[in-house]
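Just so it is clear, A, B and C label the chains in written order, and each chain counts residues from 1 on its own.
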Amino acid sequence: MEERVKVLNLNAYFGNTRALKDINITIREKIVTAIIGPSGCGKSTFIRCINRLHEVVPNTKVSGKVLLDGKDIYSADVDPIEIRRKVGMVFQKPNPFPVLSIYDNVAAGLKLNGIRKKDYLDEIVEESLRRAALWDEVKDKINASGVSLSGGQQQRLCIARCLAVKPEVLLFDEPCASLDPISTSKIEELILELKKYYTIVIVTHNMQQAGRVSDYTAFFLLGEMIEFGKTQDIFTAPKDKRTEDYITGRFG
Amino acid sequence: MNIYNRRKIASKLMCAAAFLCAFLTLVPLISIFGYVFAKGVASINLDFFIHLPRPVGEAGGGMSNAIVGTLILIGLSCLWAIPLGIIGGIFLSEFGNNKLGTTVRFTADVLNGVPSIVIGIFAYTLFVLPMKSFSAISGAFALGIIMIPTIMRTTEEMLRMVPRTLREAALALGISQFRMTVSIVLKTAMPGILTGILLAIARIAGETAPLLFTAFGNRVWHQNLTQPIAALPLQIFAYAISPFDDWRRQAWAGAFVLIVIIFLISFISRFVIGLHYKLPSSR
Amino acid sequence: MKIKFVDMAFKKATTIAALSVVALICLLVYSMALRSMPAIQKFGWHFLFTGTWDPVKEVFGALPFIYGTVVSSALALLIAVPVSIGIAVYLAELAPSYIKQPLSFLIELLAAIPSVVYGLWGIFALAPFLRGSIQPFLSKYFGFLPLFQGEFYGVGMLTAGIILSIMIIPTISSISREVFLAVPFTQREAALALGSTRWETIRLAVLGYARPGVLGAVILGLGRALGETMAVTMVIGNRPEISASLFAPSYTMASVIANEFTEATSNLYLSALIEVGLILFFVTLIVNIIARALVWRVSNKVKGELRE
């Protein structure tokens, strides 16, 4: 599998506190890479560095390189807005735009990029909703408000919204944290389907989920990446004692 | 130009427009203060504070009766509005978590939104018509009505901020709710309540409309409170719309004094609240 | 025993004080309705639609004042709403922290200036400026519109609208700013993650979400504009005529009361003025209730979401 995202010596700061210490990791395409670790270990901060969302918070700093297809996204001539279109993100709590309809939510990113032709929009909205496994459930109420759906459906709506702008990498920040078990398994199924087309990174505090959906797993602790390898290996034969302690539930 | 650059330029333009709105609004502010200070200070002299207005057409004179009149009106209004406002606020905070409380709160809000000139009409019908004369009393009634909703709301909010544990501790000592509320809770909340009162006073100090046909204004000293009384805003208004240059000059002086009074009261209230928040328990 | 008696008296005393507010409002409506009876009985509903206000012939119609009030307030909103939203956006989303406090303090200062001082400034600073610079410009280049035709004097509908807008900007902008700050950060993140520019983020995430709250703020501002008396009286020209031109003098409900109340020679004249006051009362009442309902709804929505 091709390397899509290569992270080199990434350090991230909140003011003077170093939240990420010298992270080096390679993320490959068409597989799911999971990031696990206890609360506060820096996993959310890490993926927010991949779509340059970390710097939106005041008083933050990033050093190191993040190469997307060979080009450093932090180099001076790169606009974060471009990066954020190419690297989509789904958040912990579903956040569709409440004043927009389901259709308009999905089309939001497209309209930003100047696409206005109705036929084209219709096509992409339908395609995105199909890919997010939501089309059948909403096709009859596509003009209803984005927040009129259930939690699980809202999250799939957010996924469809992401997919509409045709990103290359998909980042999931604990996407099932606020969902019930049935919605969770629907989303996990979806992720397994989506990995055929996209490079996926998922942050999760649920180790069983990491085991179910991911091919590679990285274990983070206190801002450092302790171990990275095939999911199977991490869970059955972890090399680092700290990884083993976390996996077996001794902390976290 | 590709869509990308167009979006970025649009964003810069809109953000610049927002910035412009904020700073453009400062233009009238600077203009008003500029005029009031420049023209007001130029016309201020000792006469202004000591003398009565001169007869029509004669130069000189001052607004001494108007300044004193405003102070008297404020004093009278406070006399009836502050107790009513505070006691009503106590009701809302201690006994008001029910339908009656909601009704009172809603009504206070309504009263707050009534145009001050309508309140003036109300005071007119209640006092001026039966008394067959304009009076300081009717003016103070109108101004008091304007103060009450603010004082009630502030009192309620400040009392609610006093922690429950304080009340429970007091009641556990076996004192009456009355004593507990007044001697302990009210006392604790006093700085905040005082601030609310001062802000209400700053507001009525500048009110003109409700006084137009209640206090009415007076070119000489009033004899007693059942007679028309001069007030600073009334005098400013009368002089501003007059055709005499000298009077207009004095109108600016009056505006300057009025603004100084209002800002003095606001600063004092900020000072009081500063004292309040220096107490460690409030953090 | 004594404590119980004291507390009962205490509760009763506070209740009476609180109810006094209700009593005041009821008394207000009652006494105004009573005193406007002569005019109500003589003119009935026509009072609202008659355009003549003739104290000599004792024919009174409130239409010119209703028109003046509505148009001056509408003009004020037209100017104040975009500017206030701009200010709120700047202060909530864009301004660096060292500017926020002083700037918002300065804008609040505008709210502390008494109406009569606004009027004074209006007569001697704003009106001459309009007559000398703005109105000639408007007349020359836009005079084909009926809005900008006719003689201009500096005072008139336009001046009143402008001064009203300045007076209501602090109200609308400060409430809007609070509403913007209450928009959850996740909404902004969602917009940013799609690759939106700064303005697009504000438009997508903040403005849409905050719409009902901003609407409430605008209607509250409208309520203030409707009842504003002194500043308007001093710059609107005080002529009970309905004209299409913004340059023409006009008259509002509050102004006619302020100007003519003490001149009212007959009982009918006085009761007509009081009836105008009654109309003004009910109009502002309805507007304020709608505004409170909207702002209350938004603050409850925000509280509800925070609770989750």
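Rule of thumb we're sticking to: contacts are C-beta pairs under 8 Å (C-beta built on N, C-alpha and C of every residue); 3 or more make two chains touch, one makes a residue touch a chain.
Owing to the predicted nature of the structure, the values given are computational and were not obtained by experimental measurement.
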item	value
Neighbouring chains common to chain B and chain C, by label	A
Centrality ranking, top chain (CA atoms only)	C
Dominant chain pairing [most C-beta pairs in contact]	B-C
Averaged-CA centre spacing for the pair chain C and chain B, given as whole angstrom	18
Between chain A and chain C, centroid-to-centroid distance (C-alpha), Å	48
Averaged-CA centre spacing for the pair chain B and chain A, given as whole angstrom	55
For chain B, residues contacting two or more additional chains	7-8
Multi-partner residues of chain C (each touching 2 or more other chains)	197, 200
Where chain A touches two or more other chains at once, by residue number	81-82, 112-113
Residues of chain B that touch chain C when the two form their complex	7-8, 10-12, 14-15, 17-22, 24-26, 28-29, 31-32, 35-36, 83-84, 87-88, 90-92, 94-96, 100-101, 103-104, 107-111, 113-119, 121-122, 124-126, 129, 145, 148-149, 152, 175-179, 181, 202, 205-209, 212-213, 216, 233, 236-237, 240-241, 248, 251-252, 255, 258-259, 262-263, 266
Chain B - residues contacting chain A, complex	3-4, 6-8
Touch list for chain A against partner chain B, complex	79, 81-82, 112-114
Residues of chain A that touch chain C when the two form their complex	51, 53, 56, 81-86, 88-89, 91, 93, 95-100, 108-109, 112-113, 158, 161-162, 165
Residues of chain C that touch chain A when the two form their complex	184, 186-187, 189-197, 200, 204-205, 208-209, 211
